[in-house]
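A, B, C and D label the chains in the order they appear, each numbered from 1.
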Amino acid sequence: MGIQYDPAEMIAGIPDGARIMMGGFGMCGIPENSIAMLLETGQKNLTILSNNAGVDTFGIGLLINSGQVSKMISTYIGENTVLEKLLIDGGIEVELVPQGTFAERIRAAGAGLGGFFTPTGVGTVVAEGKETRELHGKTFVFEEPLHADYAFVKASVGDRKGNLFYRKTTQNFNAVMAMAAKKTIAEVEKLVDAGGIEPESVHTPGLFVDVVYQGANFEKRIEKRTYRTADR
Amino acid sequence: MGIQYDPAEMIAGIPDGARIMMGGFGMCGIPENSIAMLLETGQKNLTILSNNAGVDTFGIGLLINSGQVSKMISTYIGENTVLEKLLIDGGIEVELVPQGTFAERIRAAGAGLGGFFTPTGVGTVVAEGKETRELHGKTFVFEEPLHADYAFVKASVGDRKGNLFYRKTTQNFNAVMAMAAKKTIAEVEKLVDAGGIEPESVHTPGLFVDVVYQGANFEKRIEKRTYRTADR
Amino acid sequence: MKSGSKKERIAQRIARELRDGFYVNLGIGIPTMVADYIPEGMDITLHSENGMLGIGPYPTESEMNADLINAGKETISETPGSSYFGSDLSFAMVRGGHIDLSILGGMQVSESGDLANWMVPGSVVKGMGGAMDLVAGSRRVVVAMMHTSKDGSPKILPSCTLPLTGVGVVTMIVTDLAVIEVTKKGLLLTEVAPDTTVDEVREKTGATLRIGDVREMLFAN
Amino acid sequence: MKSGSKKERIAQRIARELRDGFYVNLGIGIPTMVADYIPEGMDITLHSENGMLGIGPYPTESEMNADLINAGKETISETPGSSYFGSDLSFAMVRGGHIDLSILGGMQVSESGDLANWMVPGSVVKGMGGAMDLVAGSRRVVVAMMHTSKDGSPKILPSCTLPLTGVGVVTMIVTDLAVIEVTKKGLLLTEVAPDTTVDEVREKTGATLRIGDVREMLFAN
């Protein structure tokens, strides 16, 4: 027990075939450093749960390129052409989940629920083979929690109690995934002493975190550089 | 549409028999000003959803004393002796819900879910008459969402977009109730311009809020004054 | 008229559906263009399902920040009163009916308001992202699309042939040619573009259209 | 021995169950007293289900703040690294198995670890508060109670006669007389207080006790 500050041992100890959640949306708020370490330790047959699959040359894409991933559970994988090819060849299995259902299933796992009824996907392929139920005049489909062995998350600031704070749109799936895995490894841009984050502004309380460490050399790539000409 | 800054019209327009959620835990973070207004407008036959029922002389207790409440949905009403007497006389109906289930049912309403399976209360009176289900070797009971017509919430700071920030343990049920009612009326200790709350530290985004106003003369009673002698 | 200006017309027309105080989610493509036509002085808050309320205009080049993107992965800016949150709360907003209006692109829309916009069998499947949640939960769903496919085949059909995104979810269809409302009695044509006719719209529509009090589509605000 | 010192002994013994890094929820009454016996230098974070992690000692009179209370509605203080959150996240922590240890009072405990501690038929019902969630979700549930009722009748029974708080949820029972573990094979007596005997404990227990390698209860750390 007790929080750790070095991820090396835990990441090296991940077994082949593990289920790993990875926070981020596109390239925004992704656990770059933990992904890089996993690339080095080289585990195979991994199931990765992440909103996206990275791009060909960055993020989860690197793990796909290295052949470490046998299954992706995602909501949208459109930016990764390598994965597209692997999908066509059958080299990788992809399970697609609506984004809100993905978030809610992960939360249900973290919150100890056995499942829930959602209106999302009723009447679509997503509901095929699942229980549907009429509740107060509306149709819902039953969805089960999504658990994982590990969660790799990325925060802007972390303190030595494991409390995490996410800047701007980097929270995305990071906070909810931190709740849902047996072990959560958090990389942060800045590690501060306990008390360094305003207690009301903690997004992920430290009780969800097993390892917190300050990452090195964040690339923080931008996927689509959209900007306007300065008015001035 | 559009946010309003004066609660008088909306509170006066609450019909008899309305279901109203009220944030707070004990006396901490309760919507004192909105309760006072409701006491003046005098609607009858109200169903109040709140973790507690206030004390005899403050909070929801005032509405119970004035005979405006016909039903309470709560988790613990032990501090209100007037309510205890009314309960014995049959003058008021009380529905008790486990606190975590209460929070989760309110969240489910706000989050558009049809219900969920929780391990809480399995094998107890709480589960009587409800569906239970074995999921992955554990037994769960089905719980439905808890909706309301209005939510009265109290925040420490609010901005003119309706964004809310709660200090210390005043968040409790306020944030989740703000999500779950058709109309949410937020009283705040301090009303600031849009942008006056750090965007990452907003607990209740303004889209959940219909009326935000600065309350006057918060009493902020303390239920149990526990303190130690200063070491100095 | 060029396809680009047709798309702008669609975005302009949809902007007329905005009301003061609305919380609005804009999908990728034409829907994103609606932001350019929000009437001056109207209080519209844009939601991005990756966890933000209060999207502002694109940043200047020097202001671009990898930590601040929209659901289309584009760099954006914040406005006073913006808020950030996680994906679970973001979709709680969506499913819980807190988004007044969602605007999405469409491949096909059926007579009863079914929408297909995420998957073409035989093509590589990229995923539904947040579209299924947005159509299931938003109070109003407006589909922005060209009236027909590039080969001229109708996209508004008795029933969709492509895999569905949602059943009975569309409130209104706005195309380069017409505005069509989805009612309990079926599709109701309410507006046609200045350079077309009710007959042309009917001909290019695969589903039965009820013809209401048809006005000319207005694009400015 | 006075009842007060007996209760302190129970709290002291339970404090020996704490481990470095534990997140712990303390109920009202004897459980709250456990906070006074946390071993020096051990990293224990106290959870309060009304929405806080990191409870500190009671404040001084001038530091009391109506905005900062525990689930027993007492004024408290925060520690460096505290965090505040809403009731929904607080109980997500509880149900999700993120609380290592919950310590609660008890009226009755059964042979199979059922707990009754919220309601006495015929008395006014005050409500279960968060107790049902805490026992259903916490990794370990320790019940702190006097071994018998005031009239001497046993509180540890073959099965509870009072309405239940949870079924098969108790991990360990610590009383003024004994420490009893709830195992798959039933109740296992592991420790007795210095001023009592195995026989006395057996006599005052309504349920069958398996007798293990019984040691003397230790109260200090």
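Things to note:
Rule of thumb we're sticking to: a contact is a pair of C-beta atoms (placed from the backbone, for glycine too) under 8 Å apart; a residue touches a chain by one contact, two chains touch by 3 or more.
Please read these numbers as outputs of a predicted model, since none were measured by experiment.
Minimum number of contact steps separating chain B from chain C: 1. The minimum number of touch steps separating chain A from chain D is 1.
Distance between Cα centroids is largest for the pairing of chain B with C. Centre-to-centre separation of chain C and chain D, using mean CA positions: 55 Å.
With centres taken as mean Cα positions, chain B sits 32 Å from chain A. Per-chain CA centroids place chain B at a distance of 28 Å from chain D.
Counting partners per residue, chain D has 78, 84-85, 91-92, 94-95, 137 as the residues that reach two or more other chains. Residues of chain A in contact with two or more other chains: 104, 107, 111-113, 118-119, 166-168, 171, 199-200, 203.
With chains as nodes and touching pairs as edges, the resulting graph is of another kind, matching none of line, ring, star or complete.
All chain pairs that count as touching, in label order, are A-B, A-C, A-D, B-C, B-D. For chain C in complex with chain B, the residues that touch the partner chain are 19-23, 43, 45, 47, 53-54, 78, 80-85, 89, 91-100, 137. Remark: chain A residues 1-3, 107, 109-113, 159-161, 163, 179, 193-195, 197, 199-200, 202, 205-208 touch chain D in the complex. Looking at the complex, you find that chain C touches chain A at residues 48-52, 57-76, 78, 84-88, 90-92, 94-95, 114, 124-133, 136-137, 163-168. Interface of chain A with chain B (complex): residues 104, 108, 111-119, 133, 135-136, 138, 140, 144, 165-168, 171, 198-201, 203.
Residues of chain A that touch chain C in their complex: 25-29, 51, 74-79, 84, 87-88, 94, 96, 98-104, 106-107, 118-126, 156, 166-176, 203, 220-230.
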